[in-house]
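Once you scroll down, you'll see the structures, which are given as structure tokens.
Each of the next two complexes has chain A plus one more chain, namely chain B in the first and chain C in the second.
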Partner chain A sequence: MDLIVQGTIKAFELIVTFDPEVLGITWLSLKISGTATLISLFIGVSIGTIVALTNFFGKRFVISLINTGMGLPPVVVGLFVTMLIWRSGPFGFLEILYTPYAMIIAQAVIATPIVMGISLASIQNLPPNLRLQILSLGASRLQMVWILVKEAKLPLLAAVMAGFGGVISEVGASIMVGGNIKGYSRVLTTATVMETGKGNFDIAIALGIILLILAFIINALLTQIQQRQHLR
Partner chain B sequence: MRVFRSSKVILTLMIVALIAAFGTSSAFAAKAAPKQKNIILATTTSTQDSGLLDKLIPIFEKQTGYFVKTIAVGSGQAMKMGEKGEADVMLVHSPDAEKKFVEEGYGVNRQLVMHNDFIIVGPGADQAKIKGVKSSAEAFKMIAKTESLFLSRGDNSGTHAKEKKLWQKADITPAGQKWYQETGLGMGQTLNVASEKKGYTLADRGTYLALKKNLGLDILVGGDAALLNIYHVIEVNSAKWPKANADGAKAFAAFMVSKKTQAIIKTFGVDKYGSPLFFPDAGKKVEDLGK
Partner chain C sequence: MNSEPLMEAKNIILRRGGVTVLDIPELQVRQGRILALIGPNGAGKSTLLLMLAGLLKPRQGDIYFQGKPVETRADLFMLRRNVSVVFQEPLLLNSSVYENVALGLKFRNINSQEIKVRVQKALEYFGISQLEKRSARTLSGGEARRVSLARVFAIQPQIILLDEAFNSLDPPSRETIIDDLKNTLDKTKITAIMALHDREEILRLAQDISVMDSGKIVQSGTTSEIYNHPDSEFVANFVGTETILEGTIKSCIEGNVIISVYGKEIEAIGDCFIGQKVYCCLRPENVMISERMQGKISVRNIMEANVTKIIRQGFFNKLILDCGFPLVAYITVPSSEDLGIAPGMTVTASFKATSVHVIPIKK
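And then the complex of A and B:
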């Protein structure tokens, strides 16, 4: 109990005093996970929309694959990304293992199926006649897709939140491909694991609290946008 | 109007994110740009968890301009990385495995850096009554005999290798026994598990001292010559792995055995724990340690 109180006090101490190391770690977490989410957004929404709007042989199988991907275990992603980019791997020439780039790639791989799955479901969930209606009003196919995506904005924002929430809180892949290097690839989750290992529970708790606050602020912001839309 | 406004908000958010991403990449690039400036140091959890590397690495980076990527894993995994050429230099403490590593041509220039010692820690109640026993193998026998809970690292780390050697010396096969549990975690976490479960474990003194304040564990056995914990630095054989940063590895190894670094190691931890965590040994012979 003492420890939790101490940890909470420590957390506020670190936040209020703008501890440069913690600030750096927080900012890096935000940058890496934000970039990864953005990448997953581009890939996930576009492929999700295409799969939702087209009919092809094996569509159900593809959707099953995407849905399975939503539960992709981060450590497995970490393992595969590591094997692909280490020096003796096929992408070893890039020399990006143990860099923030590698973390962005791994996190994007984790977030993409999540965003894709939710976009797919939300586009499919739109009334089927809507497409015909838009087309009959003289819209081109591209315009139709754009309108549909805008119509599904509410669940799409949920996809962003789910994707971002999935990667900012992820530790397995980040520690494997990033290496938890001080001042370079150390993010909130990997720092928490390390401080726990060191027995610095107060700092570990503090980092945990900062992570929660960060996730809350981002989600509150997105929810704000999402719900304003809803009240229209 | 409302629709328009919120799409504008989203657009703004995206632009902000893009700018952040862009700023990120240029910031990363600034640090990672010159080729072969990076050194991948594969080391053990004990050197990181004790805080020693946090003290030494910045000095090395400032002196040489290299950027060190410290990957703290068990000694076993560290050497596996070396075998694959995924690391440039290793700071490890698993002598038997190290010798094999060098003999097989994976590593070169194995140099003695420092030592401390392993200790057997356990709950104050000490149900196996090993406190004060001189021989570590004897203590292990008593733990086995009383079937007291023993937590093993189980991760092929240097500590795990030492532990297996001690069991062998005690002529006991603990694997599969009910009182013998493998955590598969680092030293710090294994100590926490032992503390929570009131079990015994083998730990390096450095990590134990660093974590002592949160642990309900006492030092029960120590000082046995069989418990020496010896750290070597090994450079990855660049003849085998041309991609390895041989110059960087050499520079790091030279730094670790330099007079200045050895002096820092000698006093590291004294202010915080009252006694040093490691004893510098550069230039000495392994046979002379602990005398």
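And then the complex of A and C:
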């Protein structure tokens, strides 16, 4: 009990004094997970929308694959990304293993199916005739897709939250492809794992609290936007 | 009628799962006319509208717009820019009424000044100028329906297609929306094709009718042609010809025919031959009911009839009569009360020979 109380006090100390190391780790976490979420949004929303709006042989199988992808274990993603960018791997020449770039790639792989699955479901949930109605008002195909994505923006915000939440809290893949190098590829989750291992519970608790606050702020912000849209 | 059709469908065939959903050898839509597509559920009305709107491709056949076939993707896009659909549900976007009505104009990159003018005019047509800034999500069913109509009229397309657009509205909203639509169509002279169910709405809105059954157009013509001269039992039934009797031509002299029906004689006008089997069709509003046989009357068919049933239908009573054959007549409720009509009572039913429509029975 003592340990927890002391740890919590220390944690607040670190936060309130803007400890440069903790600040650096937090900023890097935001940069990596934010970039990965943006990439996943771009790929996920595009492919999700295309799959939702087109009819092709094996569509149900593809949707099952995407839905399965929503629960990809980060360590499995870590393993595959590591193998691909390993020095002798097919993308070894890029020399990005144990860099933040590798972490962005791994996190984007984790977040993309989540965003894709939710976008697909949200576009499919729009009234079936809405697409025809928009085309019949004289929209080009591109204008029609844009209007549909705009109409589905509430669930799409949920996709952003789920994607970001999935990667900011993920540790397996980040350690495997990032290497947890101090000042370079150390993020909140990997640092928490390391500090816990070393018995530095105070720092670990501080990092954990920051992680929670961060996740809360981002989600609260997006929820605000979402609910305002909903009430309009 | 104008000579050149604005839109034509030729040899259209559409199959779904081995079943022919549409089989239309020819359909013509003329400039400025209002055509009603009528028929039972599943007759193919909505499917035909989607095809005319360029939203569904036929397996076979062609759509012609302004004399040119719709072949390429560019043709299809042009067709969609000129023909707009109003669906059964309002399908409004989650934005303001103004934004919804402006949508089609924005797709056409029209400048915002003109958009404003056209949106306001369209809102005025449907009496919803005061809703301009409201969110579409907060509208009542009737208001949303008005917005969806205004949205299409703002575009000023060549043809407007309405797919049972008044369904699920309460009767007063329905009445006023139909009035506004009729006025707007009169003002704008836009050609319209509507899938309709209600007979009164058909009479109020349409000039022409195409009757559909099982994916086929079974009869096309002006409203009065279809209502008064249906060419099959199916069409007669569908347009509310309540009395359809099988009979045999007994005599035919210079267009005046006498038909034997259940051993009774009915006089009609037609071109038949003796011994021919026919359907004798009579609309209920063309049957007159009186208390007793009148002395001098120009009407050719006068008979005693026994009232077997009275069904209240709004301001009318529908009388099911027995004159040796079943006959249906409408009478206003006050007249019915004046005459003291009750089941079991004997009245006089009369109808003109010209009111009887004769359809030869095809073997």
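As a working rule, the second predicted complex is superposed on the first by the 232 of 232 C-alpha atoms of A that agree within 3 Å, B and C clash if a C-alpha of one lies under 4 Å from a C-alpha of the other, contacts with A are read in each partner's own complex, and residues count from 1 in each chain.
To be clear about the criterion, a contact is a pair of C-beta atoms (placed from the backbone, for glycine too) under 8 Å apart; a residue touches a chain by one contact, two chains touch by 3 or more.
Not measured: the values here are computed from a predicted model.
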item	value
Fit-or-clash call for chain B and chain C when the two complexes are aligned on chain A	fit
Partner chain in contact with A:L130 - chain B first, chain C second, else both or neither	second
Comparing the two partners chain B and chain C, which touches a greater set of residues in chain A	B
Which superposed partner A:T35 touches (first chain B, second chain C, both, neither)	first
Partner chain(s) touched by A:A173 [first = chain B, second = chain C, both, neither]	neither
Computed vertex angle (chain A) for partners chain B and chain C, CA, steps of 10°	160
First (chain B), second (chain C), both or neither touched by A:I25	neither
Contacts of A:L97 with chain B and chain C, given as first, second, both or neither	first
First, second, both or neither for A:I210, with chain B first and chain C second	neither
Minimum Cα separation, chain C to chain B, after superposition on A (Å)	6
Set of chain A residues, in rising order, touched by both chain B and chain C	150, 229, 232
Contacting residues of chain A [partner chain C, same complex]	127, 129-130, 132-140, 143, 147, 150-151, 229, 232
Chain A partner contacts - residues on chain C that touch it in the complex	50, 53, 55, 77, 80-81, 83-85, 87-89, 91, 93-94, 103-104, 107-108, 135, 137, 151-152, 155
Chain B-touching residues of chain A, taken from the complex the two chains share	30-32, 34-35, 38, 86-88, 92, 95, 97-101, 150, 179-182, 184-185, 194, 196-199, 201, 221, 225, 228-229, 232
Interfacial residue positions of chain B with respect to chain A in the complex	2-3, 6-7, 9-10, 13-14, 17-18, 20-21, 23-25, 28, 31-32, 35, 38, 40, 45, 48-49, 51, 54, 57, 67, 69-72, 84-86, 185-189, 191-192, 210-211, 213-215, 241, 243-244
